[in-house]
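To start, the structure itself, in structure tokens.
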């Protein structure tokens, strides 16, 4: 094969052309996918909201308000049906996970009863801590319908009412911690 | 070269994972399940195929000195395209594969093929080569993913076979190394016997 | 304290090779001799720190203001590739001795996921510039630690009779696996 | 040829009485006291698990040698028995036999035979097996039966003293309060606590240690440096902050520290060759153990510490050499 | 075109062009010359990295080729003439056609012809055994049979014959790298010219002892009777302290010497069978037996 | 209990069973055989050059061959008779080497030799005179290395010896030749020591003897009391206590630097046999033509110590000791730890032959070598602080450079490592190969420099 001589001119030319074409096509693809990506992200959030809240017909994402707690931020998504508040989803976190911070979406009914919990993000060990995720096990079902007012958000070992995931006390504690943080802030911050 | 040979060498004789030991990071990093392995393999295959085609098309115009940067730009573009597309249409898989998608760029396999093959061959051969190599890579990832999923969670492609957990180690980092070690050893043996 | 945590985390707890699966190709490839692995570590540390700093600046001063984050991959890799080549050219002339020692590894670094990986991870973890520098350096040390351990073990295995099929790469992976298993003991340290 | 031929070989023409299998038998003998204690406290289970473990270790070694490596079998050297026995001693007595067999397969197959067998493995095979099980089956491996001196134990799952401590400390309790919940030092010394079969009775392990020393199977260097390092390091932490740290004696008597330092860190194959090297190795194990126990996620760190230091052994061997004769003084 | 696309293009092009310019100028400024032909030569080599050429690896051989005035002293035994021609072509230099060679084992002292007189116990290493004593036969020259040579061969061209206890060279695989010659402590293996159809005639013995003595411990030793020297019309056979040697460059493969050798020390290999003589010779061979006698000779056997 | 009293070298060493079967057997003289074989290389260094021819008639003590070059030694005839040929013969090296073969005829001695048993106490010769006589008499070290003694007596320029150590350790199992010599020739030894002290111009001499030879210690201590400057040092029983460097370390605490000579630390070591030979050479004008040989073995009917003429075939000694034991599997020249196995019973006794040992067949075979279990026992017994477990594979895989860096050349070939290895690894076999190859490389390097 013939190797092309390298001169400054043709090197520069070649690189410029290549980068030009690539960046143009990239920009193009980006424009094309921008919409779907945003939609996918929204869909993900909505899905989480829908899974933890009772039926609603407003757009909680648009009504979001936030609150800084413990060096991070909680997001509150009020859900309404026919402008009647049916619950609030709280995007909450706990830094105490086995593998780092975990993020949950907790749906509360207006009286503070936990409607449902979804795991948004975690780095727990597959097969152990990740059982907190509904996709992996039904462990978090035990939170449904419990009101932290009379349901102590702590694992049994620590004198609470939560049955820990087998061999994953740490993850379970973090989970409780996150839920409790959401509950406290919601109650303290008052509902809008 | 016979196109079939050209294609099949990437799957067996010159398999990127088992024989050339290239692209190890995604091989180990994303194969916690067969499905992930498959997804990663296909994404890589796409980049490989496209970049091989483009490189073999433009090879005549690129001066030698800027060959590598030019190829990298081409590859990186396709990687970004894959990234964007996956984000848009398979966001779940994209989340699972995470960091390893942008890292396709530095997968030695991709650049290596552009350098060693596409820059010397015509478009058709390069396409076939890229496809073969990519599918070989995919096959390897799929196999490793299957093994790890089977041993680690007692499931395959998400279908559970046992109640409870498998050997967790295989889902974790050490299991990836160990499973791959034996897979390569077995492949060595098979290849030697066939040779 | 923050820096110490980043440091320990990057070396032991979240070792780039043993826990994060980045830079495996050179980890396996240049670990057959202790001497080369030390050279490689030096080269990686050098490039990794510079690359992380440069990409950090690009991210926060170009990509972010222009909101073209999706260009991250392509610009980063371009910068890294150019940087590696630049280092190689300069080293060859300025310090032939150092080039002799590190030079042969430099081309390998372009295609080392660890470098690009760290650049991206720095952004993902939201570090500031000094943290980024510490993180990239510690990561390189972690890479070096794993590499040096593996290569010393492989070198000592040169003097014994390894089963034929396991020789070379497979045995290297087994060692890496057990090493990674042992390093899991550091979990929770930070 | 009818005439008897003379044998010709290089010197020396004498050989000592030591053989590999005698050394291995010595280790097995030294383990017996610790094992008997576990039989006393855990009953039949403590008989079954070692038998299964030893049997499967030997069987796997035999099968791999014969069918995969095509080598002559060398199970008579006894190293597989030691591996099997030690693997069993590091497990809780109520573990399912299937896990024991799996552990033996990993110990022998991955930890030893992948490298070609006796003498080649860089990592301690029994520990490879044990850590594999520990990580793969954390539930089963962290549920210990309480010691029971009736012959048939009724497997209650209990926590080890170290486990209790870690749990409590995570909850922010003071160590001093927690120590009231664990057995007394004397109880721990004779083995009245929950834990792996071989690790509970420090007294019995020390007996084995003395036997090994007397028989010159091991030297004091590794065990003594590990124990001293742990004692000193834990002692410093304790003096600095008694609220958050257990006393050093507690560290010595609990967990696998004794078993690990006497029987596992001393494994010839995976420990340094020179005396000086052994001391560095011991210090390393001691430090890592305390760091993991005190700051890590796991209550116990010996198994990891030994494996990690195993990885350093080749480097230690490369750079720490015995003092050569005639090395220092250039003139007398 | 949207703004994003514009930014994209500008950024990437700028980064690309700027790095290209920087690289180009630094490259100019820091230029170090390396002969590009080294790469080309390196590519043409077989990459066995066997060291048969006398260099640590193929690349250093390539460097040597580029540097050397002529290629006369440089030869890659693995690639052979074809490769060297390729190298010469790249470098525009001439190459001398090296004659193809092949290794031969010059000892026939199998268990049958050379009785064991003691029992060696120790490591299987010819070098070690050689350092100790004559070996488990009384021949201080002959093959020790521990296979150092076989071990040294990187091309699987040798194996130990279980029945004779002697190494055997597989002509087809031997590339004449000479590793075995180097490995043998007794200098039994020789590289000889490769003839048509791998035919060869050579004295398969390296024993310098006087005939009488040699015969005591090996029935197929060269006894230095000089019959072959007299028989050879091409002056190819020389005699050096009771040992005949056939120069493979001079030998024309006429096979005359083979028939006169009383101990069948001269081997003919890969020739069509002879009609009459061989059977008689073979019969004679087996009838040779070991006699006992005194030891006396005045050559120093230690090298 | 013994630590304070008896010295030894600090590192390494082993305790093989002693088996000093012939310790109680007085030295017996064996008459000259019908034919002797006198190899020309009985010492370290260049072979001696014959000064006789085939057919020359010789009388006992007459010079046969002249030492050639700096390191070499004269050889005298141990018998009277006729040179029948000068030809190659197998000697203890296992190879054929040139030897002078003499048919014995009568026992006529050179007239200058004083054969009377009387003790000659007067030291008349000057220092130079003593060294010259030692050189003329062809004395070589009889402790095993057969290094020409006169070379050791001439301390190199710029170096200074301040102590003489007489090596009466005899740490090898089975051997008793030195032990008997010390018991039976104590007075002669004392004079020999004085002679060597004079030659070396040193004021102090220490005779090192292992604890297990208490009768010799007692006897020589008594004699030494009357000799200013000479003392006896009792040493712990430990092999290889007799190794020169170990002995010096044990007696003086000085450590001979790696690659150095004993004189570098001001010490010269001589074996008791050598000392006795020096006495005979200087005071009696008798060249080195006979030596004491222990013939021993557990199956041998009468293990003995013989005074033997050089050149006597081993088979003759066997006859004198009651015949070859039925179960013999191996015959070793020297002790079991360092001696050389021979394949031929016609091999002659030479100046360096300290013993002939018969090992029964069941003890002459090696166990199958197992893989190294890295027990590090070989390291702990190596008196030189080497790592045999590592040196062996380095030699096996031909990594000569690394072997050199690991100090393979320091190995004294004591065999402690192979003795100890529980895996029965042939450590010393390979280490010797390594020494040989590395030695060659070093020599080659020196030549090119």
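Here are some notes:
Letters A, B, C, D, E and F mark the chains as written, and numbering starts fresh at 1 in each.
To be clear about the criterion, contacts are C-beta pairs under 8 Å (C-beta built on N, C-alpha and C of every residue); 3 or more make two chains touch, one makes a residue touch a chain.
Not measured: the values here are computed from a predicted model.
Shared contact partners of chain A and chain D comprise B, C, E. Separating the centre of chain A from that of chain E, both taken as means of CA atoms, is a distance of 71 Å. Annotation: 86 Å between the Cα-based centres of chain A and chain F. Centre-to-centre separation between chain C and chain D, using Cα means, comes to 34 Å. Distance between chain E and chain F, defined via averaged C-alpha coordinates, is recorded as 42 Å. Residues of chain D in contact with at least two other chains: 6-10, 110, 114, 116, 119-120, 132, 135, 138, 297, 317.
For chain C, the set of residues touching two or more other chains reads 68, 70-71, 74, 78, 82, 85, 160-161, 166, 170-171, 174, 177-178, 181, 184, 187-188. For chain F, the set of residues that touch two or more other chains comprises 94, 343, 364-366, 371-372, 390, 426, 429, 432.
Counting only pairs that meet the touch rule, the chains in contact are A-B, A-C, A-D, A-E, B-C, B-D, B-E, C-D, C-E, C-F, D-E, D-F, E-F. Taken together, the chain D residues at the contact with chain B in this complex read 102, 110, 114, 132, 135-138.
The part of chain F that touches chain C in the complex is made up of residues 371-372, 390, 393-394, 397.
In the complex of the two chains, the chain B residues touching chain A come out as 32, 58-66, 69-70, 73-74, 76-77, 80-81, 84-85, 87-89, 91, 119-120, 152-153, 165-166, 168, 171-172. Touching chain F in their complex are the following residues of chain D: 4, 6-16, 18-20, 22-23, 74, 77, 79, 116-120, 219, 268-271, 273-275, 317, 321-332. Looking at the complex, you find that chain F touches chain E at residues 85-90, 93-98, 343, 346, 364-366, 396, 426, 429-430, 432-433, 436-437.
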